[in-house]
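Each structure below appears as structure tokens.
In the two complexes below, chain A is the common chain; its partner is chain B in one and chain C in the other.
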Partner chain A sequence: MPTRPQAIREASPLHWAIRVVAAGSIAIVAIYLASSATPSTLGNVTEACTLAIAAVGLNLLYGFNGQISIGHSVFAGLAAFTAGYTVNAWEWNPYVSLGVALALCFLLGVVLGLPALRLKGPYLALVTLAVAFVWPTIAAKFLDQKVKASTLKGTRLKPLTWTGLSVKGKDARLDRAIFLYWTAIVILLLAYVIVRNLRKSRIGRALVAIRDNETAAAVMGVNLKLTKTITFGISAVIAGASGWITAARLATMDENTFTILTSIRYLLALFLGGAATLVGPVVGAFAYFFVDDYLKDHAPDWDWLPGPLSKGPVAPFLLGVLVIAFVFVAPFGLVGFVKDQVRKVVVIAPRPLRKAPSSADQEQHEQAGPDRAGLETGEGRT
Partner chain B sequence: MIRSVQKGYRLAALAAVGTLVIVSCGSDSDSSDTTKASATTAATTANTGAETTTANTTGGSTETTVASSEDTTESTTVDTAGETTVATEAPAKAWTVDTSECSDPDAAEAPIEGTLKIGSAQPLSGTPAVAFSPVKDGFELYLKFANDNHLLDGVALEPDIKDDQYDPTQTPGVVDSLIDDGVGIFAGIIGTANNLTVRDTLNEECIPQLLNLTGALEWGDDVADYPWTTGVLVPYDIEARIYASTLKGLIGDGGTVGMFTVNNEFGKTFGDAFKQAAAENGLHVVVEQTIEPADEAPPTNQLGAIAAEHPDAILAVPLGIQCPNFLKELANTKAANADWNPLVFQTNTCSLRLLISQLAAGTGDGVYTSTFLLDPLDPANADSPGVKTFIDVYNAAGLKGDLTSTSVGWTVGETTVKILKQAQDSGTLSRKSIIEAARNLTFIPSLALPGVQYKMNGEADGNSFQTLQVEQWHQATNLYTFIGTPDSSSES
Partner chain C sequence: MGHLLQYILNGLSKGSIYSLLALGLVVIYRGTGHLNFAQGEMALFATFGAWWINDHGVPLWISVVLAAIFAFAGGGIIEFGLIRPAGRRSPLAVLVVTIALFQALNSLSGLLFENAGTGLPFDSLFPNEPDDFWRISDDAVWRYQNIGVLLTVLVITGLVFALFQKTKLGLAMRMVANNAESAELSGVSTRRILMFSWALSAGIGAIGGALVAGINTNVNVASMFSVFLLAAAAATLGGLDSPIGAIVGGLSLGVVESLVQNYPKDWPASTYIGADTAIAVAFLIILIVLLVRPAGLFGSSRVERV
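Presenting the complex of A and B:
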């Protein structure tokens, strides 16, 4: 006889305790890494964060709003090139360049969001794919005509003095890695909080409504045009932040630094972690990055693999096979899979419906506007 | 909804996997059957006398060392093979590196004892791996040969080569992890952009970045700013100039050329240098087409555009698997344009038999390219002590990869060991003495063509190899024939 799963009420002390323990554990791991890891490990985590940030941005667009984009590498590229150029040619402060880069990304995002008003699914994907293909040509022209070189220097972000991290000397490499690591974590955290708050707000409900049924959303009063284009813009800004970190990390960039493959990595991270979940893209990005890294390091030495796979450059092949197998086992990504398993043991029970309003309350509420209480409780838990 | 989302995920996953598989398709699996057969034949021919060569320890190489002492005005010449002696006049004052700007000056001057880890980042999977992955085998082979023959006193060499898939965004991560693993020097990192993106870090850390396997001009031009970085391939501008002057002789003043280049650092540097050299030689570049580095499709449109101009010759600078793709598609284009039969000059990174013959299905016949090393598969070279040693060690190790590509790795390994030996002989083997040895050395590797030498002289001469021999591929004999003599006009 199946046992009934244990129910934990949402926002109950136990639920909060679980949240605090989870967040605390992540924080402890992050601090432990910063204090003990080698520059290469920190560099890997920074790179995984960069991927995670872009995936979080893409999740807002695809996971919650249903708009697919294969062109997000362009936003990362635009931000990275803006930062690289303004810092090197005009000697801007890298943080000022971040602001300008993100503003440009927002504008481009809004412009690219316009076709999304007419197109859906594969057609929108094709438009964004085309943009991803156009980017290298634009970047190459920019390098030719503005930079007058075949590569653009990165921003080589150095630790800020108040951090106490050294810029020169024995520990410079480690300290720079630590600084980039924390910068990436802070930006990832900000991106996460922005997407989480949007998702939990009225706007988030509008996004999901549009994703699930545009007509119904429009009938309910959601401004489709505004919501969709602004979402595209915000998503582009988050992807741009990821590109800015890349510009800070790499010494040089060229038109091949942000290609269609970069966009596909963002999508893979999103799908592997679980689209339309808040932590999915982060989990997916880390899982993808470190599995890929592990396979590249170890798979060529595996002589137990059969036939032509043995002792060869098999990492991309194995990664592909793993992804296929994974998607069949866990179609909703790692987070979806874990949630399914946990749900068998314990469930988070939503907060109970608010007490039915009295007739006086009802009258007052009707004067104030539409029924928000109903919307709150009817929030889709995707 | 759930079903459609699930379907969407599967489609997306399949699309993503498709992309990954396409990327991995370029991997080098077992494309060397013919090579292996040829190698065995060559090895049979070369078996006699291999022992003598081994006793020479550097396999027939010739060296000229420039002592780093400030007072020394004469060069010391040691002839290990007993064949050739090269005497060069040493500079009055040997070049030295300033370690005061290093992040850890003490570490840069600390003596290296026991094991020296030599790191590299190379494409071991992905599109360019077809051509480049045997370089790793050759490099590791020579390091093992050096260890077995105790070429360095009391120092064992340990190669540590990791895969960056020719993707410059991956190279910093690879290099960082190698530094953390205790790598003391880097050698033979493949790719211009890949080397450029790590040279800041390596120069700040004062870790020698030796013998970059690219012919970018930066390695020779930026010695003052990046003293710890050196290249090994003949600079692309020299190669481009040699092609332009050879072309002038073949198609005459006013001849027309179409360019087909890969759209990255390598292709752009080469293309720019060729355009300048073409103008100097009275040639007209009438059409320029490019291909993206990861594009493995036949370049139909590009060749259509080139054919429309009917140029007298084509300069092709593709990458890895794109070389045979270009040649095969060119054959198709020529079939559709019966009155057009251009001469083809292809970058020497495409000159491996694997690329010009096996994968090109015979369409490489008559293509011009260049080399600075002896072809280990040419029976005419069978008596060369260097080739004998190389083939012997290659066969003993049971390797299967492209022999020519492996010989490049072998030469990089040999030159690295020569640099280390010179550094050790100067007194102390340290990162500082290694880079000083690399920049104050004249050396003839065992597989070098006559007239070819590794020669560096501080800031005055920052390029190592600068002589190239133009050659033409003959499919019927499976061999190259030389056109003229080695062009050493760029040697300083």
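Presenting the complex of A and C:
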């Protein structure tokens, strides 16, 4: 018989200590990076953050609401192009352009959410895929007719004065990288908190109910149409925020900056981390980005690869193979995998219900021992 | 309107290829409910294989058939080795495997075949000299190439339908598509049928890929992107679980694409609708159709029990 895992009660001092240590160590790493890393490393982390933000948005839609979208690159593209165009052509403040871009994304998300009310599973996947496929055509037409150039300039976001970061001078490049890095982290944190709060609230339970069984959810009084379209809209806004950072980061953008491949990256990042978990998309995005980056840098030098593989750009192939292999090791993503392992050692017992249990319940509890409450999930899996 | 017939004839041949690949998607979807995002790249890989065999002195037609046979085997192996074990783990896993397979196969073709990025010359499978056509009317000619593609597709789909309707294997496939559990209870090996479905789909796809390469007289790593998208769109339009829907969807999309690509040239609005927006228009039509019939033109919507 396997040893019984240790139970920690939710919101007990020990649980809080674990939470604080985890959050604290992430914060320390983030601050350490900002104070010591080179602009290119900071740029990489910023890019990983943009991927993570989009994955968090997609997770709200797919992981919790069950609506798949392979068209999220379009929202990022729409926001990036709106920001790039308004800032460069109309000299808007970049933060105003962020607001307008997100509003546009919300509208487009709601509009795309309307067919999603009728379509399910693969049909929805294909329609969103089509939208992602059409985007570069629209972007090229826009560049051609409105911008009259082959590329659109980025917004070149400058550090705000109160941060004390220099705009000009020899440190300008590093300081800009630091500013973008913090901006990306703040937006990622905001996106995470929004999705977390939605998930833990009544709305989140409605979302999951719809994902698991639409008809049953409707019978329970969930407004299907409103909930699904608004979710699509919010998810689009979060993906749009990621696009806005891309516009702030890149010097130029063109119609190939946001393609189907971008959407596929979002999906793979979400899957690698673990869909329908809160931290999954963030973990997955960082893992995906840095593995991809590592392969791109190092795989061309690997002489031990057989014959033709050592000749060309082998990174995409290796990444594809790795992802397939990963599916078999951890079908529920990195977070699912870690949770499964941790569950063998320690489980978080949910907080007891506020209502005082009846005497019959109490007897059962006493028989089972106070530590056993909430262990069913842990035991069911072993 | 003078060239209407011409555009329709061109569109039919292009559309017949979409039908072929869409049929492959439908065969898989009916069995397992999975959408094979790697369908186009599996076909691409097989087409490179056909090129390679042909490059070694085997006649083109024979190399295409050989490549289709290898693709048939490969499809079965992919189902057995990757899709089935992934499906046991989580539903998202299959989607991710097909997407990763898409990426892996695409870049593997680029690695294995030199100059695959810029394109390898691929002879047409049919007579394709400038004067190889059949004049139908004053302003419409039917090129042998187009006739050949259409006929090939018709023969293959005819064979597939005969397989579905006239053979025991086809009966078993229809049983699995209809209700896998009862099929299993009646002694049908669901696993073998699913493996065969993937094999059949990959084999059909390989021929489709060779036809595309023949029309373009070139095969490169990007050849199948838009073809796959339109095939997927055709399958969606017809209904993902309907083989007839795939054929009708493919042919009509081909015609729509050809008309949209050619007609607006004569319209004042041509600045807004150009050749490159053809696909956008095609998808708009599909969106409208799906809003009216969410399961496609010929698809069946399942009644769900709560």
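Criterion: the second predicted complex is superposed on the first by the 351 of 382 C-alpha atoms of A that agree within 3 Å, B and C clash if a C-alpha of one lies under 4 Å from a C-alpha of the other, contacts with A are read in each partner's own complex, and residues count from 1 in each chain.
We take it that a contact is a pair of C-beta atoms (placed from the backbone, for glycine too) under 8 Å apart; a residue touches a chain by one contact, two chains touch by 3 or more.
Keep in mind the model is a prediction, meaning the values are calculated, not measured.
Visitor: State whether chain B and chain C clash or fit side by side on chain A once the two structures are superposed.
Guide: They clash.
Visitor: Under the stated touch criterion, which partner chain does A:Thr38 make contact with: chain B (first), chain C (second), both, or neither?
Guide: It touches chain B, and chain C stays clear.
Visitor: I'd like to know which partner A:Val327 touches here: chain B for first, chain C for second, both or neither.
Guide: A:Val327 sits against chain B and chain C alike.
Visitor: Contacts for A:Ile264 in the overlay, against chain B (first) and chain C (second): which applies, first, second, both or neither?
Guide: both
Visitor: Have a look at where A:Pro316 lands relative to chain B and chain C in the superposition and call it first, second, both or neither.
Guide: Both partners, chain B and chain C.
Visitor: Would you check which partner chain A:Leu129 touches, where first means chain B only, second means chain C only, and both and neither mean what they say?
Guide: A:Leu129 contacts chain C only, not chain B.
Visitor: On the A-aligned overlay, A:Leu14 touches which partner chain: chain B = first, chain C = second, or both, or neither?
Guide: neither
Visitor: In the superposed arrangement, which partner chain does A:Val219 touch: chain B (first), chain C (second), both, or neither?
Guide: A:Val219 sits against chain C, while chain B stays out of touch.
Visitor: Go through the superposed model and pick first if A:Leu119 touches only chain B, second if only chain C, both, or neither.
Guide: second
Visitor: Tell me which stretch of chain C runs into chain B once the two are superposed: 8-16, 62-70 or 98-106.
Guide: Superposition on chain A puts chain B right on top of 98-106.
Visitor: Which residues would you name on chain A as touching chain B in one complex and chain C in the other?
Guide: After superposing on chain A, chain A residues 140, 264, 267-268, 271, 275, 308, 312-314, 316-317, 319-321, 323-324, 327-328, 331-332 contact both chain B and chain C.
Visitor: Which residues of chain A touch chain B once you look at their complex with the stated criterion?
Guide: These residues of chain A touch chain B: 38-41, 43-44, 47, 136, 140, 150-151, 156, 168-173, 177, 212, 246, 249-252, 254-257, 259, 261, 264, 267-268, 271, 275, 296-297, 300, 308, 312-317, 319-321, 323-324, 326-328, 331-333.
Visitor: Quick check: in the complex, which residue numbers of chain B touch chain A?
Guide: My answer: residues 1, 5-6, 9-10, 12-14, 16-17, 19-21, 23-24, 27-30, 103-104, 107, 124-126, 129, 133, 162-163, 165, 168-169, 172-173, 176-180, 193, 196-201, 204-205, 263-265, 268-269, 292-294.
Visitor: Where on chain C is chain A touching in the complex?
Guide: 29, 33, 35, 82, 85-86, 89-90, 92-93, 95-97, 99-108, 110-112, 226, 229, 232-233, 236, 240, 271, 276-277, 279-280, 283, 286-287, 290-291, 294-296, 304, 306
Visitor: Within the complex, which stretch of chain A touches chain C?
Guide: So the residues of chain A in touch with chain C come to 68, 115, 118-123, 125-127, 129-131, 133-134, 137-138, 140-141, 145, 213, 215-216, 219, 264, 267-268, 271, 275, 308-309, 311-314, 316-317, 319-321, 323-324, 327-328, 331-332.
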